[in-house]
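In what follows, structures are represented as structure tokens.
Shared between the two complexes below is subunit A, which has subunit B as its partner in the first and subunit C in the second.
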Partner chain A sequence: MNQVNEQKIPKAPSKLKHYFTFILILLLLWGSAYQTDSTFSELIEGFPNMFSVLDQMIPPNWAYFDNIIEAMLDTIRMAVLGTTIGAIIAIPFAIFSASNMIKSTWVYYPVRFLLNLVRTIPELLLAAIFVAIFGLGPLPGIFALGIFSTGIIAKLTYEAIEGIDKGPLESMTAVGANKIQWIMFSVVPQVAAYYVSYVLYSFEINVRAAAILGLVGAGGIGEYYDRTLGFLEYDKVSTIIIFTLLVVLIIDYISTKLRENLL
Partner chain B sequence: MIEFKNVSKVYPNGTQGLKNINIKIEKGEFVVIVGLSGAGKSTFLRSINRLHEITSGEITIDGKSITKAKGKDLRIARRNIGMIFQNFNLVKRSTVIRNVLSGRVGYHSTLRTVLGLFPKEDVNLALNALDRVNIVEKAYTRSDQLSGGQQQRVSIARALAQEAKIILADEPVASLDPLTTKQVMDDLQKINQDLGITTVVNLHFIDIARQYATRIIGLQAGEVVFDGPVEEATDERFSEIYGRPLETREEDEVEVGESANESSK
Partner chain C sequence: MSSATRPIKPKKNIVRRWVIFIALALLYIWALSGVPIEGFKETAGQISKAIVSGIFSPDWDYVYLPEGEDLLRGLLDTLAIAILGTFISAFLCIPFAFWAANNMSKFKANAGIGKFFLSFVRTFPELVMALLFIKMVGPGSFAGVLALGLHSIGMLGKLFSEEVENIDFGPSEALKATGARPLQTLWFAVFPQVLPGFISYTLYRFEINLRSASVLGIIGAGGIGTPLIFAMQSRDWSRVGIILLGIIVMVTIVDIISGYLRKKIV
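Then we have the complex of A and B:
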């Protein structure tokens, strides 16, 4: 009964591919470590330093809290402004990237390419460039965050636009709406919740990003990292880390809750 | 009056959508277009408000060519034609009243409509339209909370709010059950009779067509194969034309099964 005709059983696929993949990954790892001179001996040598730094970090210098509260607020303000700028610029970009809004590939491919380009530039690099242009302070940081979030929000929004129900688009055409009315009445109501959600998401990312922009002189709490690390004041560093962590966690939590309710 | 003059449509893949159609539809008629799947019913209907472009010939509405209309002229022509779709095509996330008011955008400036500042008369018009299809109590409900039949009545209200002179309905009852089918068709008939709005409906159920139409047009492979009053549209006549009788609503289940098979091929 359970005897299966030997000839009917297909040949089991060869496992060679799996072995080959495994060896390839090992080679890649070893090669990367070799080329970057990272060795286990170095890791072991540096290990005790970790404890000495940690030791100096505890207890945190709570008194330092008063000095950084203004910088932390600045960081959040930078994120708010940067996100807002990005959210506004992202709207036309999203519309011009969506293939169901603009029929011509000559329009949406170049716009998408531009968006991809923007997203490949790290925000720290953007900030450094803007610092060179506008000088030190939060302004270059805000611009950097604005451009950075344009990339994220526009990309996610245009994908949402491409996924909308096309029925209402057709009915708005049939009603005799012009292009702007057509977008406002059939596209906007369908993507508004997604868009707001992406703006909040980008705000979460921007708060984290804004916290380190100070390293290149673009304002915010990052400047204090630079300063305290430079003076080896690790107890102050840990205060900043804890404070940053707290702020990021709270903002993430609120934003996540809001986004859950939106969609 | 809608007039088709030598209208043909060939799809880019070579399929003949419409073949040399010459037809006049007078004001106030209730015309039902019948035919098998793929006979060109939808293409016929959508060429009237140019949701589909035709490849040759001309379509005029009250003497004005819609085929040649551009920009603002085309939008005004479309404004005067209400359209009802098989899938209702409402914005599900918007309220019922906003969906109905969207029929008014062609009458106002872009800025005004974008800001949602519809005049009081428009809101009254929209509410009256909803009242006419017996659904005014749902005005501020989100559209996705309505049943299929209710959503279709909202889309009829949208066409009414447009103050359309012509209503086109593309398989308006294909996704509805028999009871709501009757309600929706009754609404369309009532509007046609009370307001004298020329109504052109695509149906693939011949029994419903006979029940509501004043005139039936039969299409096959893009050609007009029957055009006449309901009395002439007998089963025998249609069996002769199509080689088999057209479906009736009672065969619904069978029909659904068949088309499911067809689409899986």
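Then we have the complex of A and C:
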């Protein structure tokens, strides 16, 4: 009797896998902490510094506002132009990487691979390379943002194109449309709203990115971080940060509202 | 006859289209007027040629140098910064996630404040955070770890809180009915529901953090970015080429592994 009862209770699943995962994570963390020289003692030693910096950041130097307005407008201009360049270049890339537009795998796999490659390179690196080519100023920043947003917009758009309804495509083929008419009247109406929404989304990302591109000399408000932190003027730094946050939040809000209207 | 049967285009659409068109035109006039485009530097063509040839003939010797400061160690450093930064933020953001979740507090304003705080952290650029941490703990990887750890709270907290908002209250009510303490309810009813989502988002953020970690070095916060910016300043393009190649390969491999794990978990 006793034995039967014991068999009724199911055995708890083995916890070995959990223990292994746990140990693996601990090892990873320990290795990473060792590699980066991160220790708690250093963090605690840094605490007084931290508070003195924060103390100097408050109150912000409001008078500095006048000096950075022009740079902030430049940042937004860079984001607008960079997004536009990206949006235009992204169209052919999106069409050539959608499997229902181009039937040949020899075309869309290489194009997709190229897009993946572009998206692995952080925009700040692109900006640093373009600064080396074109010299200091907003121009390299605009190009970096353009290439960076091409990757995002093209990827999202080609996924939207692959999800469209086949009906209009077939009927355009049936009435004998050429390739351009085929795209204009059966693909564009179906993906236009998505495309515009993705462009706005990448504009939001680009505004944030443009705010820091100045750190490598690619124009915009980022240059002022270098200037003020170099002289330890933390009150001015906090003015720049607050201004940036304000602009980003406002642009995010407008863009989100527009996107909600579109879709 | 045939023209009369054609439907008339709706007028409202045309007006709206013109308004959008004019607004866009004004935006571009404003944007283009501000950017000084004073032509390219004469050396631009030469330098781009040097960069392209450098990228296609990478400096393979740099991959491993016995005395240190080579590509592999730089990449390992970058990876370590990303792992540690992601772990710190995944840990720290849990209380914020519960704070910002609508269904966890009785007052909606409370969750609203939490959400606002998280979006504030999200918009704070991580590079600026790294710059501030460099002033606090000195230049090096540790500043990068802290910057990533703090910055990622913003996004992870938001994603985690959405996961918390989607939980089913059945299991926790059942546990309460059996007389479980609040901590036990949290551990046995809430955590099992949100854990897969948490892990998946953490892996996703890890992918993003790896990309960020590779540029943190540009401002002196450790990782592969530091040798990269030095190589760029000394115009050593074949070294720039190998470092770029290294970053691309590492990011791609990590993306594939992390994507596989995420698919398995969800």
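Some notes on this structure:
Definition applied: the second predicted complex is superposed on the first by the 250 of 263 C-alpha atoms of A that agree within 3 Å, B and C clash if a C-alpha of one lies under 4 Å from a C-alpha of the other, contacts with A are read in each partner's own complex, and residues count from 1 in each chain.
Convention: a contact is a pair of C-beta atoms (placed from the backbone, for glycine too) under 8 Å apart; a residue touches a chain by one contact, two chains touch by 3 or more.
The structure displayed is predicted, hence computed values, not measured ones.
Using the contact criterion defined above for the overlaid structures, shared-chain residue A:M184 touches subunit B, although it does not reach subunit C. After overlaying the two complexes on the shared chain, residue contacts for A:A144 are found with neither subunit B nor subunit C. When the shared chain is aligned, no partner comes close enough to touch A:M72: not subunit B, not subunit C. Ranked by how many residues of subunit A each touches, subunit B and subunit C are led by C.
Contact with subunit B, but none with subunit C, is seen for A:A174 once the two complexes are overlaid on the shared chain.
After overlaying the two complexes on the shared chain, residue contacts for A:D165 are found with subunit B alone; subunit C is out of touch.
By the touch criterion defined above, A:L200 lies against neither subunit B nor subunit C after alignment on the C-alpha atoms of chain A. Of the two partner chains, subunit C is the only one that A:L29 touches; subunit B does not reach it. Contact with subunit C, but none with subunit B, is seen for A:L117 once the two complexes are overlaid on the shared chain. Considering their complex, residues 25, 28-29, 31-33, 35-38, 42-43, 45-46, 49-50, 53, 73-74, 76-78, 80-81, 84, 116-117, 120-122, 124-125, 128-129, 132-135, 137-139, 142, 208, 211-212, 215-216, 225, 229, 232, 237, 241, 244-245, 248-249, 252 of subunit A touch subunit C. Residues 49, 51, 74-83, 85, 87-94, 98, 102-103, 105-106, 110, 113-114, 155, 158, 162 of subunit B are the ones that touch subunit A when the two sit in their complex. Taken together, the subunit C residues at the contact with subunit A in this complex read 27-28, 30-32, 34-37, 40-41, 44, 47-48, 51, 76-77, 79-81, 83-84, 87, 119-120, 123-125, 127-128, 131-132, 135-138, 140-142, 144-146, 211-212, 214-215, 218-219, 222, 225, 228-229, 232, 235, 240, 244, 247-248, 251-252, 255. Across the interface of their complex, subunit B is touched by residues 165, 167-168, 170-178, 180-181, 184-186, 189-190, 192-193 of subunit A.
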